[in-house]
Amino acid sequence: MFNIEIAGDSHGKYMMGIIKGIPAGIKLDLNYIKKDLKLRKNTYGRGKRMNLEDDNILINSGIYNDLTTGAPISLIIENKGKNTENKERFIPRPGHGDYTGYKKYGIKDLNIYTERNSARWTVVLTAIGSICRQILELFDIKISGYTKSIGYLEDKKEYSFEEIEDYSKNNLYILDEEFYEKAIKYIDEIKEKKDSIGGKVKIISKNVIPGLGSYSDYFNKIDSKIGKYFMSIPSVKGVLIGKDKFKELGSDYNDEFIFKNQKISRKSNNVGGIEAGLTNGEEIEVELSLKPIPTILKNMNSVDLKSLKNEKTSYIRSDNVVVSSMVPIGISTMSIIILEEIFNNFGDDNIEFIKNRYFEKKGF
Amino acid sequence: MFNIEIAGDSHGKYMMGIIKGIPAGIKLDLNYIKKDLKLRKNTYGRGKRMNLEDDNILINSGIYNDLTTGAPISLIIENKGKNTENKERFIPRPGHGDYTGYKKYGIKDLNIYTERNSARWTVVLTAIGSICRQILELFDIKISGYTKSIGYLEDKKEYSFEEIEDYSKNNLYILDEEFYEKAIKYIDEIKEKKDSIGGKVKIISKNVIPGLGSYSDYFNKIDSKIGKYFMSIPSVKGVLIGKDKFKELGSDYNDEFIFKNQKISRKSNNVGGIEAGLTNGEEIEVELSLKPIPTILKNMNSVDLKSLKNEKTSYIRSDNVVVSSMVPIGISTMSIIILEEIFNNFGDDNIEFIKNRYFEKKGF
Amino acid sequence: MFNIEIAGDSHGKYMMGIIKGIPAGIKLDLNYIKKDLKLRKNTYGRGKRMNLEDDNILINSGIYNDLTTGAPISLIIENKGKNTENKERFIPRPGHGDYTGYKKYGIKDLNIYTERNSARWTVVLTAIGSICRQILELFDIKISGYTKSIGYLEDKKEYSFEEIEDYSKNNLYILDEEFYEKAIKYIDEIKEKKDSIGGKVKIISKNVIPGLGSYSDYFNKIDSKIGKYFMSIPSVKGVLIGKDKFKELGSDYNDEFIFKNQKISRKSNNVGGIEAGLTNGEEIEVELSLKPIPTILKNMNSVDLKSLKNEKTSYIRSDNVVVSSMVPIGISTMSIIILEEIFNNFGDDNIEFIKNRYFEKKGF
Amino acid sequence: MFNIEIAGDSHGKYMMGIIKGIPAGIKLDLNYIKKDLKLRKNTYGRGKRMNLEDDNILINSGIYNDLTTGAPISLIIENKGKNTENKERFIPRPGHGDYTGYKKYGIKDLNIYTERNSARWTVVLTAIGSICRQILELFDIKISGYTKSIGYLEDKKEYSFEEIEDYSKNNLYILDEEFYEKAIKYIDEIKEKKDSIGGKVKIISKNVIPGLGSYSDYFNKIDSKIGKYFMSIPSVKGVLIGKDKFKELGSDYNDEFIFKNQKISRKSNNVGGIEAGLTNGEEIEVELSLKPIPTILKNMNSVDLKSLKNEKTSYIRSDNVVVSSMVPIGISTMSIIILEEIFNNFGDDNIEFIKNRYFEKKGF
């Protein structure tokens, strides 16, 4: 059974991931993963820690003579960033897990919650998804994405998949050049202000066979999985599938069918490739809204949990903007979701058996 | 272990639900559930079937002498709506599960996918959630909601929980009277046009203890569960937690702490009651975007899957607007999520033990 | 995803079951299920309640025009047995769930634990398994079993599958005639003594393709599932896979390979058809040890939980021997396990796709 | 939610484990784990690889300032044993995963299945269970075990928990001195013969509060979990709970209650501490039957999967007897099961809250 697991502390020795249920006989390319990890790391506006991390990755198990074996694939990535300070900390940062962690576990030193847990685990999520995406390529499936907005700056254009496929031409994964230039300036201003900013990204998947997922088992609906996976990622506060056209009438919103050139196709793709919990063969479109990063250089109002006096937060190393890093993270996340559905639908033995059946069904 | 299961076909004999992991010793009120089912059923704009259904509910197991026993609680609701026609159907309705079901299972008679599966199962979801909400009342937790928009009509005001608590004063669960009158007219127009419309609802939970959920186990984050549960509900295409203020700077968005009147409180609640996968003690705010119902009286362009000719869809009995029904459904769904977290955090034996510990921790 | 759920109280209105993840396009025979339920009910030594129950079963959902739809299949069986008494009960019967239920939930009236929970749920387990076994017949898989021992009476012969295939020639599912006659007398004596007795049954599956299960994901090993499923059944205290030849040397125990008649075969089947968590193509043999039923007519020593005085238990309606009923229950349980593995290995869409691939792989 | 995950290849760089759902505030002792790993490794009759492995273990995450943080605990153990040969291998060893792995995945080089998967993963299982057992000590729970038989040699005595508590006085975890001396000689003979042998071990848990588990949710019954966990361990073919007294009448087998010294106690413990899926407060007794190790120095009859000719197997480094190693492995496994039930019953926040509630309930 396909399943993933992730562990590791933000400044512990290693980050670790496990993927189970991968069929045997698949060749994996380590450089493919490294490239994705770089795309996650090197966006404009990220903090100094990103210079420390090389995100060198080891595939520790599940491979023999270059082929997957069916055994759990385990990944190890060393953390280079070390804890910069060790003194106890009692003033929770608003928006972070300091206060809520304290309320769950009752231990006052907030380092336990924040130093040891952060969005660092998305490096493993990205690596796992990168493996999944390599496998999806065997099925001709492509996944890409781009930065749709940063703060009040927004790119309202609609793009074809071909236009977004090579999204990493700049370090913000912005497709429109004018928007890019404004965004760089805007981020510089925010850095100056010791502040942070959120935004939106879009993740699009192409060439997925229709009929993946479930139309009746609610938590195996592909949209339910999209909600579950993306809402687990730090900073993501909103998930939207398809076009934001909910003010339209049904007759306008509905994606009518048309038969031409010996093919059933659609006049539009407002539902974003998913109908009734199943893929419909059109591009799967997911839009994610990210809140600004909570940790900022600017001091914020807070309360010392020990003295119960009003105090200012003190700075902890952080990024200013992570919106664009969500593009490769989101592509990886989407890859995990789709690959799981393929194995659920076509089984988990040998990749050649699975591929044969997938393409046979694609033609039907 | 808390878990729910739902089965039943839209026009089969019974809808059925199972809730596992409910502690022993809880008194359940059947009328409480019936009231919630009525709220789901009787909103303006729903179709004729709703007049047929009485949603009479039987608690079939898990109760002895009026108290829960710890055994699975099972629910049975009889379907009164019968299949109005039985002839084979080959023309998929855009937006529905016809085409995608066909692509998964390969059987051409689309009745198999649509007659037998629909949003009818949300009647069980509502009933299950209604049981959960009764139990949440033992913990002083309250959940309510309202209709925020229907088509292009939107209510942009912010309300206190007290203002929305009694949301069912009208049959659209709209708080603003002017909006309500416009909405009724608007829906009448849409009916006339044989069309449908979507919208937004907001679900708010009050008095939830901080620290429920997980800050490190991604799929046990409470936001991940919100994504998973709500995205499984038909028509829901967008889920947003907290305020839609993602254009703001971190320093504005962050909900600063303040200590006054011997209590730690917040200046705002932009994150909507969830930080780092855990509840933070503030109101949990979830906003849902619903697409228009796909089945409309107006004929739409489609393709006959047998003849492969372009054809118009034919009408199948349906609603015009279901947005407001999402209010009680959403309240029930949120109840399920929160109750599961309480049992995860405080155990599953006897409700008195659990309550004692909950309130002990609340004070800490 | 294949999954089962069961609910219902022993003397509640209905017993209920749900099976999810069944592919579309399968024809189910209700009489097939009824026959299995009768085999479960009509064994010698069962109590009076079995005369009351007709185990009439309704397939409530997941079927359209005689074919499965892919939606959850739900089953309903009415309980005819009613609670014979309603007065509170404070004296726990040793071996039953009275005392342990009380210790978990803290409510003193033991009816809550025992009247409402019993082995009655195995009627649903049997029905679910009967559906699974019908589907397994599409793959040429056969499952049967027999009573190996009752109390000190034991049948030590080894049988070929053909000899056990038609196991229900007598009402104890005993293959050896002499053993059968002794067993009937023995059970009569035990009834006379107001006592109960346990025993052993053997469940054998034939024609299962090799390679089902997992060799590296421990809880998806087929032996792990055998342990999990069978140990959940009331009275089962021991599960053994293969032959009880653990005193032999590896060189004797190991099932050596031999190639003859253009086929790889084995000299023996001591491992009982499972190697390293996977089926190996040989017959899967499972032996179950059942303790005597705890509820007996004879009064036993116990303690009144309210007065804390030593008291005798009072009688509650029960069976004397259920060992042989475990044969159809066990066959059903094994059917569930094997079918789940087939869907995990070959997917869950349409039965024709799955069958094609199964038989293709069988030949390889 | 409590969950464990294990990955790593037998001769890969690292073995890895993850435990989720551990409360915050627990101090863990690394030496405690190391001691358990040594007990697993250093039994008489194990192969040469055990001399290579030092089983040095790193707790990689989930700890801050010596206390657990609530985040996933991850473990890393380096493999010292290297692949001794790398040439392709086509002759499956009977009893091993060679043939079944090939049948699942279709790749002919059997190294993929056997070199990379073996019982090596039980080193991580032992380490995870060792952490769990440390935590169980906070609840006064003790778990021990011993070797009950090796081949035809068997120890039929019944021991008190105190007699088995310090089980590691000799390197076979045998309690009876005469049996020990015979066993050493017997194993030496088997080595000489280039053969292997199986046997039985017993695992006993003391001081577990009654009422843990579930009496109605079948797969959360504690006996179902015992079946699931133990049957996943290589070589285990039989699991038996309580005493092997299934030939006795109910009136003899049943463990009658008696009230004396102000305490409810039992006259016997034939059910082995579990009634109706729940612990009953008595010692939990589990007996495991292990088959002989399949890999033996003696050549066995097999078939070359490539040439399809009858061939002899060739030797691969292995142990002769692993029965006694199953004692610490089984103790660890049982620790995992019981700890999971404690968290299910009492929650997962801070160990002090959980302990308080556990002991409060213990007194009730």
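Per-chain numbering from 1; labels A, B, C and D assigned in written order.
Methods note: a residue touches a chain if its C-beta (ideal position, glycine included) is under 8 Å from a C-beta of that chain, and two chains touch if they have at least 3 such contacts.
These are the chains along with the protein names UniProt gives them: A, B, C, D = Chorismate synthase.
What you are looking at is a predicted structure, and each value in this text was computed from that prediction instead of being measured.
Two chain pairs, A-B and B-C, are compared here, and A-B has more C-beta pairs in contact (counted per touch definition above). The chain with its Cα centroid farthest from the Cα centroid of chain D (Chorismate synthase) is B. Measuring from the averaged C-alpha position of chain A (Chorismate synthase) to that of chain C (Chorismate synthase) gives a distance of 44 Å. Centroid to centroid, with C-alpha atoms defining each point, chain B (Chorismate synthase) and chain C (Chorismate synthase) lie 38 Å apart. Centre-to-centre spacing of chain A (Chorismate synthase) and chain B (Chorismate synthase) amounts to 26 Å, using the average Cα coordinate of each chain. Chain B (Chorismate synthase) has residues 6, 20, 69-72, 101, 104-106, 113, 117, 211, 215-216, 345, 349, 353 in contact with two or more other chains. Those residues of chain C (Chorismate synthase) that touch chain B (Chorismate synthase) in the complex are listed here as 5-9, 12-14, 16, 18, 20, 23-25, 58, 60-62, 64-65, 67, 69-74, 76, 101, 104-107, 109, 111-113, 115-117, 349-350, 352-353. On chain C (Chorismate synthase), the positions that touch chain A (Chorismate synthase) within their shared complex are 1, 20-21, 70-72, 211, 214-217, 220, 344-349, 353, 357, 361. Those residues of chain B (Chorismate synthase) that touch chain A (Chorismate synthase) in the shared complex are 6, 92, 94-97, 99-106, 113, 117, 121, 149, 151-152, 190, 193, 195-200, 209-213, 215-216, 218-219, 221, 223-234, 236-242, 244, 246-251, 253-259, 264, 266-267, 270-272, 275-281, 289-294, 296, 298, 300-303, 308-310, 345, 364.
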